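Following are the structures in question.
Each of the two complexes below includes chain A, the first together with chain B, the second together with chain C.
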Partner chain A sequence: MPVVQRRKKNFWRGPWPWLAPTLLILIVFRAYPLGDQFRLALTDMRVSGGEAQYIGLDNFYFIASDPGYQTALFFTIIFTAFSVGGSFILGLGLALLLNEPIRGRVVYRTAILTSWVISAIIVGYIWRLLLNESSAGVFNALFDSIGLQGVNWLSSPTMAVVSVIVADVWRSTAFTMIFMLGGLQTLPTEVLEAARTDGAKAWQRLLFVIVPLLKPLIATALIFSTIATFNVYELILSLTSGGPGNATSTVGFEMFRTAFGGDGGGGLGLIGRGAAMGVSMFMVTLVFAILYIRAGVFSRDYD
Partner chain B sequence: MTTIKVASSNESQIALSKRRKAEMPLLRRLRPTLLQLIAILSAIAFVYPLVWMALSSIKPNWEIYRAPLDLVPDNPTFDAYLSLFKTTPFVTYTINSVLYASGGALVSISLGMVAAYGFSRHRFSGRQFLMVGILSMQLMPGLISAIPTYLLMRETGLLDTRLGLILLYGAISVPFACWVMKGHFDTIPVELDDSARMDGASKLRTLLQIHFPLLVPGISSLFLILFTQKWSEFALASVLLRDPDKFPLTVGTYLLLGPDESDFRLMAAASLVNIVPILALFLFLQRFLVSGLTKGAVKS
Partner chain C sequence: MSELNIDGLGKRFGKVEVIPPLDLHVPNGSFTVLVGPSGCGKSTLLRMIAGLEDPDCGILELGGRDVTLAEPADRGIAMVFQSYALYPHMTVEKNIEFGLRLARVPASERKEKIAKAAEALQLEALLQRKPAALSGGQRQRVAIGRAIVRDPKLFLFDEPLSNLDAALRAQMRVELAELHKRLGTTMIYVTHDQVEAMTLADRIVVMNQGRIEQIGSPLELYEAPASLFVAEFIGAPKMNILGGKFAEELGAAKVGLRPEHLFVNGQSSEKWTAKVRLVERLGPETIVYARVEDVGDLIIRAESSLEIPGDSELSVSPDLSNVHCFDGHGSRIEKELS
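Let's turn to the complex of A and B:
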């Protein structure tokens, strides 16, 4: 009896009562669904209900040979590469700029950051207005005013790809900027001064001093934005709905369309097949998550 | 020979430095202006679309199509807003958005804070494993598991309920909240806990009466970040809610505009209604937000 009582007391004194609520909600709402997705991917479950049959890897075989999924995967990779690269270069550039003692830099920073608080689905609508192919769109109006012909920003497959990437860069640059700006402000000024007195030019200081010092932060920013960009869905939905044709459809967009079906999106209600696509998104994300965690484990202890 | 050489190299150096002096002041004088110019242009690239959209939403149609670049409308009209608020429940959507965003943020912060206390004040086996596990949850976007989450909600009766969405939003950002709060707890000296215990305060009381007041600035910026994130969420809400009376602004806007709305003014007005509240919040409290964001980003 006394032993049991002491154990009880120890339990309440220990960390577990504090951790239990968080662990519980994470297991129920996050870990369980992520695991359940693997089970669902092996069935032919439909959103309309009915008995689901175990069909082995059929869903995976299907999506692997499905042209719709292949196009979406290919586009998602291109989109991620260009969008992450573009927003990183612009974000780092803006961070370097706003790290200089220019007048009114808080105003500029605020102005740029406004794009960060806007929901992706609304960013899609904003860019649909800007890229409108009638005379009302800003870009075509600008082209018109300098005597150039209008461009089919969203109705030509090639231009639609470019447009979607530009819109996403516009949306995600601010995140990289504020992230890198935080890093730049922690840099030791002595090191930069030393490089300057040694006669290092601006680009040399950037490449050989600033970038190596910020390497962990740069890796973090790139991994975060890769994960977010690869799993894009909302921006595509409101800007192009994956079109024209299938040109700007992403894996995330295909997953939602397959499982739930958007308005006029040709939804099939195929929960099982959608879950297989979800599994593929999970695996890609997992690779980047492991990269991030491994880098973290070696560079800093979790204290 | 040598002297001549030295002299000539001296001369050339002098010439070089002279030339540099002639160049440098110009560059130096131009540099701030140049940087200022780039900064202004970048700011315009991010703000102009919003300003243009706001003004388009009050332009009559013929102005939209005839003179899209004119900023100031000649005959402003608020038709789009009138029809927006008359024919669609945008007020309800807004209230729902506030509810989900603040509810989700509060769930994350209250659970995350308590767990952060556990991690910060206790050493136990499996601690590092758990913290890495929580971190990896933070890296998984909620959208990836939208399908199994939908089924979970259907089986537990939480589908199409406000509670279900708030709990899910809370669960998604609990890891971030936990990591950020742990960073804050680590800055509070343990001696403070000890003296509170000597005075007979329980741990919970110490947390609520001693720590909490110190954590208020950190909690407020965390709340703002999470509120902004939840306000923008669309994918999960669109899958988990069926009743339009429960839609947040993002889903309500998509319900109205869909994938191929062609009414220019309506699209501009509806988008603006989405943006204005969160933008106002951001502009008023951006100092808070930015410091919290960089802190959270650097730390976690």
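Let's turn to the complex of A and C:
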């Protein structure tokens, strides 16, 4: 009987040499910092230096009873709900609109996408200019020119909350739009035509055919934007610095302010406590991800 | 009444005129097949009838009502698509029910209709399954079920069998023919497969480059093709088209001879010596591909028992009473009966 010669396994011909560079980057810049954050959260490490002491769960006990953190957590939840909801509805609407063969749609798509490409810090500054409460602010100048009174966009706590949400919706709508547009273009045309001959009006096709078919994509888009929004701090930093008072401080911003050094946002430089906040945010984010996946949204009905 | 009248209907995509204005009458209760090669405009015509494509000119009347620009749902049509186009996220039952729900048919009536359709199409055991768990033939049945529960005035089929394998296609052909017989509803069926057209249709509309070449019953088209195009398109194996001296003698630019109108060792004034190139033994018959000097290539339909001599040469004679003559433009020349 002829024996099949087993080919000798050669490490250099296997997958590992090809995976190694990416793996290395992931370990150094993702896995290690994530793990180290858990370690730091159990210490009293400070920016100012000095020997860090192991202090057990003290940082977590502190956060749990800290009213500032609780306010921030509450605001973050409201902020995330409205921002993710708003940008999703707008993004899907724009995607549906720009999926139609209208004139110049490439121009519109590109224009909308720019808001996503600009860094969040810059978006914050742009909106700060727009919302400036003196006559230099674009909106108030507009209001002024038609004889309306200026609005306290950023100095009234309620208006500041609204302003921050609007700015973030403006920023993240493009992301949802691109996601949904990609999905719409993969939808089987004949199925939509079948719905038309079946008598489904535009809104019925959307509700009963398009949205169910896009479900996996919608879930993915929602997970991504929920996580991104929940963790936001740059936009807050440049737009309101968490104010007025603590009205627009998110947990991400609290973490940033707690962990890093003095200037600007009144930082505390408590790296250990900041890391503990980071860990708590990681847990919340994880719960979101599991919830979405659990909802069975990843099951596809296609072949 | 659900006859369809098309008057001067035309369509262009940008600068390309896909369908120059054409007229077509589809009588009530007929099974009309639009047939032609890919790109001949048959699907576009069907889509305009369905309302999925707006015509650039002309009028479309269904059952005496102008529906030229009506929404697909308001035309009283049902369409079966090539890809079946089932809703992948709905069960078979929900797929069939969808149109009825939208039309606000009461639940009890919906149930009754679904049960009836499921029985007729042998779908009862599959009602709770999703399309992904069905075979191609089963999906096609669901698509048909979805169409029939709506009691349409007109059924439209867009190449519904082309995704099925040969055996299933033959079976579905029979089922579709039976369905038409049972329902008696007007049906318009698009295909590029002339066998499907011949077996299903009571009327065939042959299309070429957006124009209608000929309308007639399958046998009319087979026995008296109005043009070279129809002559070559209808019938398998293809009609032999011959030019040269043989055509000239008959007063034509080209002549057509069906493979069964060539006799091996026949008794006729005209006798050719044919060099055999290929023999297909199909069982009930034998198809011979041969070449005749000065006449051209021939396809001959012969008895299954035909024996090919050692030198591969056959004596072949044409059945001169069954010659189709065409002029220089490819139009049929009617022979005077002599």
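FYI, the second predicted complex is superposed on the first by the 272 of 303 C-alpha atoms of A that agree within 3 Å, B and C clash if a C-alpha of one lies under 4 Å from a C-alpha of the other, contacts with A are read in each partner's own complex, and residues count from 1 in each chain.
In this text, contacts are C-beta pairs under 8 Å (C-beta built on N, C-alpha and C of every residue); 3 or more make two chains touch, one makes a residue touch a chain.
All values derive from a computational prediction rather than experimental measurement.
Trainee: Looking at the overlay, does A:219 come into contact with chain B only (first), chain C only (second), both, or neither?
Mentor: Touch status of A:219: no partner.
Trainee: Of the partners chain B and chain C, which touch A:188 in the superposed model: first, second, both, neither?
Mentor: Touch partner of A:188: chain C, not chain B.
Trainee: Mind working out whether A:162 is in touch with chain B, chain C, both or neither, as first, second, both or neither?
Mentor: neither
Trainee: Could you let me know whether more residues of chain A are touched by chain B or by chain C?
Mentor: For chain A, the partner with the higher number of touched residues is B.
Trainee: One more residue to check, A:197. First (chain B), second (chain C), both or neither?
Mentor: Touch status of A:197: second partner only.
Trainee: Please work out whether A:111 is in contact with chain B alone, chain C alone, both, or neither, and reply first, second, both or neither.
Mentor: So A:111 only meets chain B here.
Trainee: Given the touch rule stated above, what does A:234 touch, chain B (first), chain C (second), both, or neither?
Mentor: A:234: touches chain B, not chain C.
Trainee: Which parts of chain A are touched by chain B and by chain C alike?
Mentor: Residues 302-303 of chain A touch both chain B and chain C.
Trainee: Hey, which residues of chain A end up touching chain C in the complex?
Mentor: 188, 190-191, 193-200, 204, 208-209, 212-213, 215, 301-303
Trainee: Which bits of chain A are touching chain B when the two form their complex?
Mentor: It comes out as residues 14-19, 21-23, 25-26, 28-34, 36-37, 40, 94, 97-98, 100, 102-105, 107-115, 117-122, 125-130, 132, 134-138, 141-142, 145, 170, 174, 178-179, 181-183, 186, 217, 220, 227-228, 231, 233-234, 237-238, 241, 252, 255-256, 259-260, 262-265, 271, 274-275, 278, 281-282, 285, 288-289, 292-293, 296-297, 302-303.
Trainee: Going by the contact rule at the top, pick out the chain B residues touching chain A in the complex.
Mentor: The contact residues of chain B facing chain A are 32, 35-36, 38-40, 42-43, 45-47, 49-50, 52-53, 56, 64-66, 68-69, 107, 111-112, 114-115, 117-119, 121-122, 124, 127-128, 130-132, 134-137, 139-152, 167-168, 170-172, 174-175, 178, 186, 228, 231-235, 239, 250, 253-254, 257-260, 264, 267-268, 270-271, 274-275, 278-279, 282-283, 286, 290, 293-295, 297-298.
Trainee: Along chain C, where are the residues that touch chain A in the complex?
Mentor: 50-52, 71-73, 77-79, 81-83, 85-89, 98-99, 102-103, 130-132, 146, 150
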